[in-house]
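Chain nomenclature is as follows: A, B, C and D, assigned in order of appearance, with residue numbering initiated at 1 for each chain independently.
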C-alpha cells in the first residue's frame, strides 16, 4: 500500500462523520435521551437513598432497626431512635450525608422492610455544603436544612 | 426576462462596487475640502494618507470579526466531525460564543509569573499580533471596475499593491515565530521553552518549501504582486464567465506543498509542535492568561485567515469567479473552504513526532519543491521560447 | 570551538497536572534536548488506602471499594475480590452467576479497551476524534450496565457468592443488537483512523520496545505482556469461574513496541465479544446467589486465599487472609497498572518527549489502580 | 506440582531451607529469611518460575509474613513462598536481583508495612509522601475515628 492511503482513509472516515447524527445529549433540556435506547432512567438505576412513605400514614416506613446503618460501607447513614411511652421504637432522626454516599445500594438491599430505596434522583449538586446533609427531622415546609426526602416508591423498583 | 436578468446583474454589480464608490466619494470630498487650504501636491498626499488610515482601520475591524467567526467555525467544525454539537448555548447556534470568550479573556486577571523575563513576556503577544495584522496589506480582497471604456478605474481592494507582495507576505508572516520564541523564552517554563525552540526549528525547515512553492507561482505570473498574479491566472471560461481556475491547475504540487508547510507554520494540528497539547501542556502559551493569551490566540487565527487568503489569491484565482457573487464574497468563500480543510485535518490526523516532521521537510518537501520550481522554470522558458516567441 | 559549546541536560516534571499522564501521575524526566535520559516515576497522589479500608469493612462491603480502583473497568475490579472471599469461605458459586460475572467482565473489558484506544489517539494528538468515536460505543456498554445493576461506573455488581441482580428483561437482545449494529462500525473505524494511518504507524512502531524477557522479569501483565509476544493469559493459564468453558484466543504481538500493545488491545475486543456471545447463548438457568450468604459473612480463621484474574489492564489479584471475623484480616490488591510501571523506565530511555506520553498511553495505566 | 515435591526440590538445592509447607490455593513453602535469595534464584533458574506475581506483607502482631506468589510463564504452574520475620526489626533480603518486578512491589511493602528489604537499590516511600511517619497497613497504625461525622463549622448557627 502506498504511503498516504491510510491518511486518506482516515480523512474520509472523519468526513463521513461530518454528515452523521450528533450523539451528545443536551443535558438540562434532554435527560438521558440515549440514541440507542428509549429515553429515561433504567428501572434499576441507583440514585440517592431516600426513605419510603407509608401510604397509609404518610410518614416514613422506617422502623429504626439500624440494619442499613451497619450495612453502609462508608457510615453515611446516622440513625437516632428512642422508645416512646407505648414502648414502641420511634425514629428521631434519619440523617444521610449524601456527599459521601457511594450509591452502592447496600442500604436498600439490607433493609428488611423496604423502607429505604435508592431513588432515581441524581441531580444533587448544591451551592451550600449543609444542604448535602439530609436530616429526617427537618422535613417540614420552610426548613432551612433539607430533609432526607420521603418518597413514594419510584416506578419500576422491584 | 432579459430585463430581469439585467436588473439582477446591475444589483450584483452595485453590490460589488459599493465599497469602491464610497471610497471614491470620500476621497473626492476630502480632496475638495483639503484643496481649499493646501497646494495640490500636498493635498493629494494628505488625502492618500487619510484614506490609507481609514482602510487600515476597516481591515483591522473586519479581521477582528472574522477571527472570532473563524474560532466559532473551527469549534463547530471539529465538533461536527466528532459527532458533537460544539458551542451552542451563547446566542443563536452559539454564535455569540466568541464574543463571550473575548469578554471573559479581557476581564480575566493578567497573571505574569514572578520569575518570568518581564519585558520579553509582556512584549511577545504584541510581537505576535503586529505581523499577523501587517500581512493583510497585500491581500486583494476584491476588485471593482468603475466607469467604462478607456478611463475605467481599476480598483483592487488592497491596502498596498506592492510589487513584491509575496515576498512581503512571507517575510512578515514568518516574524510570528519570533513572538513564539519570545513567549517560550520569557515564560521561564521548560514546557514553554521546548515549545518555542520547536517552533524555531520548524520555521527554519518549513519556510523553505513554502517560499519555493510561492516562487513557482511568481515565475508563472511574471510578477510578485498579488494583484498581477490574480489577473494572470488561467481560467476555464465557458460562456465568457470565469468559472473555475487558478494556478492550482498548473501547480497542484505547489498548492499541496504550500498548504502542508502552512499547516506547520501556523502551529495548527497536526503540525502544532510548538503547542502540542498532549506533550507540552500548551507549549509556548502555557503561562499566558487573560488579555495576553487572547492576543496570542487571536493572532494564530489571523495567521490562519491570512494563509487561507494567500492560498486563495495565489492558487485559487482570488476574487475571480462567476459573477453570481461579488468579488469579495468569492475571496471569503474560497478562504472559508480552505479553512474548513484545515479544520478537517485538525480533527483527523495525529501529530507526527517533531524529528520525523523535520526529516520530512528536508528529505521530501524541499526536494519536491525544488523539482516543482525546476519544472515550472523549464515550462515557462519553453513556453516563452516557442509559443510566445 | 566545538568544545566550547557546552550542553546540559535539564529536568522537567511531567505531571502530576499534565493533560496526558492519565491522571495524577508524575514523571521526573531528565532531558537532553528532546531525548529522554532518565525517568523517575512518582505516584501516590491518589492513594486512598483501599487495602486498609477493606480490612475495616465486611467482606460484602469491601466490594464497593474495588469499583473505585480501576475506574475504567470496575467490573473486573470486583471479580478477584469476590473470588478471594469465595475461596476463603469455601463458597460454591452457582453456574448462572459465574456466567453473568463473565458477561459483565468481558463487556467491561471491551469498554475499557475502547477507552484506552481512544485516549491513545488523544495522546498522539488527534483532536479527540477517535476518543469521541470510541466513547460513543463505550457509553452503550455503560447503559447496558445501568440496565443490569443500576450504575454505570460503580456497579458493585459481583458479590461474594454470586451477583447482585439477574439479567433484566431485554438485556440479551440489546447486547446482541449492540454487537451487530455498533461494534462492527467502531471496529472498522479504529483501523481506518489509527491502525492503518501511516502517521500513527510512524509514531508507534519501534517505540517503547519491551522485549519478552524484560516484560516477564518486570512482572508486566495483561495486554502489555502479550504485546511482547508472551502468550500468557490468566483466563487460560489458571482458569477461574467458568472461563474454561469458553473458546477464545490469546492475541499476541511480536516485538513489544507501542504498536503491538495497541493492536493486542484491539484484537482482545474481538475475543471478548466472542466470549460474551457464547455466554449469552449458553446461559444456564438457576440461582444467581449461593445459598446461605449473609451480610455478616465469616471465613474460617487462619485461612488464606490468592485469587488471580485477568483484568483489563493485566493480572489483578487479591491476597486475602482471615482471622475468623466479618472483615478480611489482610487484603492485598495486586494491581496491574502499578506493577506494569516497573518497566516504564527502560521503555522510555532514549525516546523523545513525544514518545513518553504515547508509551504511557499504550501501557494504559489507571491512576486509581496504581495508587489504590 | 505437589507441595512435597516442591519442598524436596528446594531442600535439595538449598539445604534445610524449607521451614514449613502447606497447601492452600497453591503449593506454598515457608523459607528462612537468610536463604530466601538462594531459594528464589533456584526457583527462577532451575524450576522456571520466572514471573513474580506479587509480594504481600502481612502483619500478625508478633511477626510479619512476606509472601511471594510466583508463576511459570507461560505455563500454569504457580507456587507461593513465605518468609517470616520478627516484628521489632523486620528485614528481608531483597529479591530485586532475581526478579526486577520486585522493584516497585518491595517499595510498596516497605512503605505501607514497614518491612525493610536489604539490598534494594532504592528503598524509599512510594505511595505515601516522604515525610510521612509510620506505616499505614500495620495493625497498630491508628485509624482514628474517621468514620465519625465531620462537624460542620456553620451548623450551629443554622440550627438555632
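Simple rule for what comes next: contacts are C-beta pairs under 8 Å (C-beta built on N, C-alpha and C of every residue); 3 or more make two chains touch, one makes a residue touch a chain.
Here the structure is a predicted model, which means the values were calculated and not measured.
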>> Shortest hop count from subunit A to subunit B along touching chains?
In response: 1
>> On a CA-centroid basis, which chain has its centre farthest from subunit C's?
In response: B
>> Just the number, please: Cα centre separation of subunit C and subunit D in whole Å.
In response: 23
>> Counting only Cα atoms for the centres, state how far subunit B is from subunit D in Å.
In response: 64
> Distance-wise, how many Å sit between the C-alpha centres of subunit B and subunit C, to the nearest whole number?
Replying inline: 47
> If you average the CA atoms of subunit A and of subunit D, how many Å lie between those two points?
Replying inline: 40
>> Which positions in subunit C are in touch with at least two other chains?
In response: 129, 133, 136, 193-194, 197, 199-200
> Touching two or more other chains, which residues of subunit A qualify?
Replying inline: 7, 10, 13-14, 17, 23
>> Multi-chain contacts only, two chains or more: what residues does subunit D have there?
In response: none
> Can you list the subunit A residues touching subunit C in their complex?
Replying inline: 1, 3-7, 9-10, 12-14, 17, 23, 34, 36-37, 41-46, 70-73, 102-106, 109-110, 118
> For subunit C, which residues are in contact with subunit B within the complex?
Replying inline: 10, 12, 18-20, 34, 121-129, 132-133, 136, 193-194, 197, 199-200, 202-203, 352-357
> Which subunit A residues qualify as touching subunit B in the complex?
Replying inline: 7, 10-11, 13-15, 17-18, 20-24, 26
>> List the residues on subunit C that touch subunit D in their complex, please.
In response: 43-44, 47, 49, 51-52, 56, 87, 214, 216-220, 225, 230-232, 237-238, 303-308, 315, 317, 319, 321, 329-330, 332, 334, 338-339, 341-342, 371-372
> Which bits of subunit D are touching subunit C when the two form their complex?
Replying inline: 24-26, 50-54, 56-59, 67, 69, 71, 73-76, 78, 80, 99-105, 108, 112, 125-129, 136-137, 143
